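Please find the structures below.
One chain, chain A, links the two complexes that follow: it is found with chain B in the first and with chain C in the second.
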Partner chain A sequence: MTARNSVIWCGLIALSLCGSAALATPPAKLALQGGRIIPVVGDEIASGTILIENGKITAIGEKVDIPFDAMVVDVTGRVLFPGMVDAHSSRGLDVPNEQLPVTPFLDVFDALDPSKLYFEDALRDGITSIHVIVDNNCVIGGVSRVVHPIGLTPDEMTQDVQTSLKLSVAPKRRSDRMVQMATLRETFLELSDYLGDLAETKYEESLEDKDEKIDVGPEEARARGRKLIRSVDYDDKHANLVKLTGGQLGAFVYCETGGDVGRAIRLAKDNGFFDRMTFVLGAACYKAVEEIKATTRPVILGPELIHRERNELTGEIIETFVPKVFADARIKFSLLPHPDGSLGERYLNYQAARCVRNGVTRKKALASITINPAKALGMNDRIGSLQVGKIANIVVFSGDPLDFNSWVDQVYINGIRAYTRDTDVRLKRLFGEETSEVPSGDEKEKVDNEVSVKDSVDQKKPTVTTSEKAGTEKKVTDESKQGS
Partner chain B sequence: MRMKMVGHRCCLQAISIVFIWSQVPSPYVYAGNGGAGDVVVYADRIHVGDGQTVVNGAVVIRDGVIVAVGTDITVPDDATVVRITDGYVTPGLIDANAAIEATDVMTAPMGRRTPRAVLHDFFCPRHVDKIAEGCCGSRCSRSLQHVTGHVCGECGFPNDAPSLAVGTRTWSTDVENSSEIIPHTRVLDAINLRSPDFGRLAKGGVTTVFAAPDSSAVIGSRGAILRTGGPMRERVVRAADAVKATMGTEPSWRGGRNRSPWRNHVSLLTRRPSTRMGVAWIFRKAFYDSRLHDQGKPFGGADAPPSASLLALHGILAGDIPLRIQARQQHDILTACRLTKEFGLSFILEEGTESYKCLEELKSQHVPVIFGPLYVDAPGARAYSTEVAGARLHTFQRLLADGVTTALTANELRDEDGLARQAMYARRMGVSFNDVLRSVTQTPAQLLRIGEEVGTLEVGKRGDLIVWDGRPFDADARPIVVMSGGIIIVDRRPS
Partner chain C sequence: MIPHHYLKSQAFTRGFRMLLAIAIFVGVTLGGVVQVSAGDSPDAARIAVRAGKVLTMDKADVVYNNAVILINNGKIERVGAASKIRIPHGYRVIDALDRWVVPGLVDCHNHTAGSLMDLNDMVYLTNPGLRTLETVMPESENVKQGRAGGVTSVLLIPGSGTNMSGFGTITKMGGDTVDDMVMRSPGSLKIAQAGNPERYWFGVGRSYMNYNTRQTLMKAKTYHESWKAFESGDSSHEPDYNPIYDGFRGLFSRDYPVSVHTQMYQVLMTTVDMLTKKLKLRTVLDHCTFDAFKVAPQVLKTDAYTINGPRQYWFDRSQRKMNGNAARWWQGGVHKLGINTDAPVIPQEELPFQAAMACWYGWQTYPALRGLTRIPAEALMVDKRVGTIEVGKDADLGIWTGNPIDPRSSCELTIIDGRIVYDAAVRRRF
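== the complex of A and B ==
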């Protein structure tokens, strides 16, 4: 137990050291030079430079004038990719959700645990923005927030406060769909009753101040009182619901099956949050793809990308690769990493590669792990691509992001280097402490004994050929500063 | 070495292949051209499976057997032609330790879940996305919207802990419980050859499997070598193959029937052993008694091997029946080495999770390893095991680098974690393409002693091959066509 504790403490201390040091002293100007840039939005640059000033991208291109006082990192042979976005995760919470069904008054802030191993893994896997939200097992969950996986406290981690409420039209555990929908309707009915009562009370109070007696019917009193309500008058239980129906909060609505989609749309339209709704979809929802398309609302697909079902008459198993259905319907979707221990599906870039394998275009696959989830979070002006003006959340891959042999070499968050593979103690341990050798990832295999290898065959896939040392940071001293 | 690998039947061709390869790189043909009724597979690259590659060539299959591999092959009009743009061809994959789902239950990926997820599932009766069918048989009225994992989505009945082997589910009575020594039983008798599991294996490019016995007995059943597709009469390659023994904790906790003998009464319900010591003792006593029996001396006692098993035990001692031993932790691997040395047995190590810690012993005793699957968080029923904490990502790479003959297996994992994906994981962990390919084709074929027939794309071998739409084992490539004996068993070509 003590050993375990000490490990945790070491981890915390290490985290605090890197976190605080990183947060305290961001380099004012940083240039990532010589890498292949996949900006997701815009064209690829075979070899270019990204200039970061005060945590934001200020220049990007083949030729960039690097200020004399910028720190230069040589990333030749590496691939620069936007920090990936996990649009829906409850793994940063100590418990994924509350026992109570209706909990709009909760805030994930109170349960965010910065020492969760998940955040370390997210960083290691190149995920720089995580939308922490209660999981699908709820009726109305709490308010979510967007964090990056570094920082000692929830405050330090936070990228965006609030953002959305979680709702589910699929039944909460030990419930069923009728009860679920009845609870949702009841909640919003109760809200309107509450608002009516509150308005009436406010009107009465305003008359009492003037020593007048109530002179109108209840309908009129409510209408007059409604104008008197200030935001502080709402109690905790209703405040967030008022924001939701007023369009100040987003709604992440979970649907499990195709039938749930229609119910979700109706619920959103009836209660005024349709314009801020985001679908969180189970695999079976592909059956409602036309309905979803008509809404034009953002779509987040669950981590399970293949839907399997047995034809009860023939016994035949029908497999559907869900993202392909959405891509064919021209719906922009976001992917999620798989929370279970698979070596592959835990990586967002591998989830995207699976899409390519199943016929989704590379462009759409790359967008589904970067700009699409950023859009779903309403943060596409800040994150999700490598463009001038955006936050410098950058992943340095050892190769193409859709190649499973590529490793995340470095991660920059707000222009701060938050991760380097060379110093990843846990990864080294998994590769055997005694050797402490981590494959560099850029050793494209030499096909021994190969007969008449035509290079053109390999040109199909972008290859990276660099030496072992390439991509490690060039420590720039005052004498060797460039661009002066 | 090479002649040993290919076997006497094809050694002449093999030598000629090597000769041609070394002398005339390309174009070349090392056997005749195509004829009527042939199947011709064109590809940008043909990975023969032993490290050789043919660029822009073709494989010609006649009557299920490869008759030509090379470039410049003339093809008659009536030949069946398979040609994929940017296609790559490899031999059909061979899983030398596949746990076959015998009971036609699962339709969703099994065994990926971490203990925590499993616990969550146990209490959560409703999973999305994971649909299995008929998991609780007659107990549940709805069969479609079901759940894999460990509890039925509709009625809460714990349906399965993912099986580690044939027809076994850890909670159920599917495990053969009659004795700790059951090498006289055969897994083939428990396997439904029409199980959809074979279809799932084939879709992942696996054409031949060793259907592994489960790990609940110290000296377990005999596995079978099966094909995953093709005509029914050709599906069974070898009905009774290697015997599987198990070291470590599994014989004492698997099977659900291990209880301490009550008032010293040993019965079916009070199987032993309960410790590693007991496991080793039963293993040792079985072979010791078998020797006594050989010499016509009496033997007996509570843990004596059943008389039915003696024939098989003799076979193992005589070297006629191959022996495999599953051992995960270092001390279990060492125990396996020690015990086999004692009886002069050779064996194949299965799992070998911590084999990176005892490479010297494995090398000195020339123990081949069937390693896999690769994991950090152990999937499936392994998640319950205490033996998996030492898993490392570099184990497979170390085994190969140290010259240990190593095959890769996905065991019970399918689809996204199936054998092709295991190979992809291995590539990420630093193993070269050719080594990975060999470890899922040629090496397992040799370990199963079917290397003359399958494992590489050479003339005279069976036409088991995969056409990929990208570089094999890449994240964005998948098998488009899978052939078993020249017959297409998986076809994903756009119609």
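== the complex of A and C ==
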């Protein structure tokens, strides 16, 4: 084995250890000392310390008493930022959506692939929580789960199981809005029929032991039977819908246009999941911003931040920067990374930086990639900010997170060091040993021009995934030759 | 040496053999109404083999140099050093003093029952209730080829065009009727996860396929459990007989395994999690190619067998590195590791070449030999009968010019159940 090979090998072992880090217990006490802290909730600390005990943040401030037995990591000159949260991603799955339109009985567990490079990239990009959910091409998709990007199996990766069902009021591909809405109505009508029948059956079963058989009529029989149903009585096809209408499951509802928003609200109110609804919005939905605001439900904006529409009279393209509209309406929103890994939009902090460029305040931009998505997932008590009591999901940036010359240097998940740039073999192979080299000032100037930003992004971090993607496709072809 | 059996089958014309095959097929499908027998009487009940080297492949890894094997009535009567065994009178002696004698090779993954038309019945995503037993053809060209390559037992399974394609059959590579050949039916349940079923059912993702496969198995399990409750007296309600799910009873009581077409990390991980861990099935993981070896830590926590092949290497594009699949599984601690051909994808007689290739990519010779004999026999739960040369086991042997894994070696004589079924001295195939 050559020296170079052995370096790669050591790196690979280190990387594969990242994967198994979920199994490892974190050091009991860990102090990240001397960094600039951006807690997102609360004031920035120019130079401070975060103390982590058993995977949770126990102290944070300029001066923290570090216990004698804590491992101290010097992060002087670095920036400590909450692990970023991706509120809606289907990239960990084999296909974004199943062909069947109504699949509330499915679980992403069955298709989640921990070996996807996507998870490795998420870690490298500073994303520590990912809501894995089917994509928008569905009527009702399966249940989702929240994972962190380390672990060898879905079970090891999981932070929260069975969080939400996916619904779409925008038409599934090759369908239309009337069929879409009819299918949704039909599904919930069928559910209520099913529940009525089940209640009657349960009531009749309860009479079997009794001598006296009284016919109370179907209405009364259903009312009495309903109380006798236990959760195990529901079949697979309906169990999750029952949870949804009973408020035990969240609902991520996709709207493509402004018109979809009203339909989504009505659907949610009619079927009892309005209080657990989260909007997943296409760019055109900004037109329904007042309607959305009135609901006070969480908002997730799609990865395309600019809405473009052609004025048919003049031929002019009207561009609207969508997050600005929501920010101006004082709506808290979450941003998503772009699924195309070869664009700058792949990075959540880049998405936030674009918001700042377009007039959204820095505070709101930072919240939209951390605490807001955490809130949309109902996990803001655990993730999304650097506060005492929260899970220690921390990204150590080499500079300000919104400066696109900053690198993710380290990532901590549950207080475990899950990533270090020094041992990132793939980065090293792409850039040589000098990954920390900061591009010249000229390139910083270009940030105003979007096209150039992409160019500079490409120079600095040529995408790792493109070639891999091609590889995956090839793999399938290879396999098809394999035959039976 | 009179290869009586072989000569006899040579006496048949091609047309007659065709008729015979049809007759057998009709006979089998009519449930044995028509009795077919080629009438081969086992006159050579007692054979003594004098061998230069005997690899017993038993648990103690015993190798005899200059040894004698006594075969009586289809079973191995004695095996040991030539100095310790006197060949009794009345034994036909086969001299193989410059040869290696190894157990008949066992393949867990063969699709040559019937014709290619019989490979898959693609009706639904899961087709419980189908069986390859109905398509077994004795003395087919595939059978003859296989035993000429020293392969004596195979699991004939349906293809992987659907998620669940039916029950396989374990047969010997010799015998004039289906009954003669069959060792066990059902031999295993065939499940295919991802890959091929995705090709035939475009648009079906893994989330639906796994859900659907699990549902079918759960229905079968419920059927099994309600019968078990009835038989043990826990329930007075006699369940209705269901011909589709009845075959699954042995699966859930672990009388036979499930063989799973599974490859790639996520797919194999799901196999182990769903079938081995949660449904507690005796599992044989077939193929196990691409980056599946990364699941080794999970496989080690179970009693699953890993049968690798026919693809022997995986090039990892992200690391620009060649990986020998078998070698990586072995490195990951998975030692219940065997090799398969997926015949006719790779011809059955090339089973040892698969092992040779696995060794070329970093595996070791002796474990690879074990992966052709004892390990697949254990995986299929027929290790009480085949897979090693031990007293009391079936007399299934291959007599080779050298190490079977060495591509220069050739199988010169094959014995199944004490009968010579191939003799290169009479008519050489390879």
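We take it that the second predicted complex is superposed on the first by the 405 of 484 C-alpha atoms of A that agree within 3 Å, B and C clash if a C-alpha of one lies under 4 Å from a C-alpha of the other, contacts with A are read in each partner's own complex, and residues count from 1 in each chain.
Assume contacts are C-beta pairs under 8 Å (C-beta built on N, C-alpha and C of every residue); 3 or more make two chains touch, one makes a residue touch a chain.
Treat the numbers as computed from the prediction; the structure is a model and nothing was measured.
S.K.: Quick check for you: in the superposed arrangement, does A:Asn240 touch first (chain B), second (chain C), both or neither?
M.R.: Neither partner.
S.K.: Using the touch definition from the top, say if A:Val108 reaches chain B (first), chain C (second), both or neither.
M.R.: Second partner only, chain C.
S.K.: One more residue to check, A:Asn372. First (chain B), second (chain C), both or neither?
M.R.: neither
S.K.: Which holds for A:Asp403: it touches chain B only (first), chain C only (second), both, or neither?
M.R.: first
S.K.: Going by the contact rule stated at the top, is it chain B or chain C that touches a larger number of residues on chain A?
M.R.: Partner touching more chain A residues in the overlay: B.
S.K.: Once the shared chain is lined up, is A:Ser342 touching chain B (first), chain C (second), both, or neither of them?
M.R.: In the superposed model, A:Ser342 contacts chain B only, not chain C.
S.K.: Per the contact definition in the header, classify A:Gln162: touching chain B only (first), chain C only (second), both, or neither.
M.R.: neither
S.K.: State the interface residues of chain A toward chain B in the complex, per the touch definition above.
M.R.: These residues of chain A touch chain B: 136-137, 170-171, 173-174, 256, 282-284, 302-304, 306-310, 312, 317, 338-345, 350, 353-354, 356-358, 402-405, 407, 430-432, 435, 437, 439, 441, 443, 445-454, 457, 460-461.
S.K.: In their shared complex, at which residues does chain A touch chain C?
M.R.: For this pair, the touching residues of chain A are 8, 12, 93-95, 97-100, 103, 105-108, 110-117, 134, 142, 152-153, 155, 236, 425-426, 467-468, 471, 475, 479-480, 482-484.
S.K.: Chain A touches which residues of chain B in the complex?
M.R.: Those residues of chain B that touch chain A are 21, 25-26, 44-45, 51-56, 86, 107-108, 112-114, 117, 124-126, 128-131, 133, 143-144, 196, 199, 356, 374-379, 383, 392-395, 397-398, 415-417, 421, 424-425, 427-430, 432-434, 470-471, 474-478.
S.K.: Show which residues of chain C lie in contact with chain A when the two form their complex.
M.R.: Within the complex, chain C contacts chain A at residues 111, 119-120, 159-161, 194-196, 199, 202-211, 215, 263-266, 269-270, 273, 287, 289-291, 294, 297-298, 310-311, 317-319, 342, 345.
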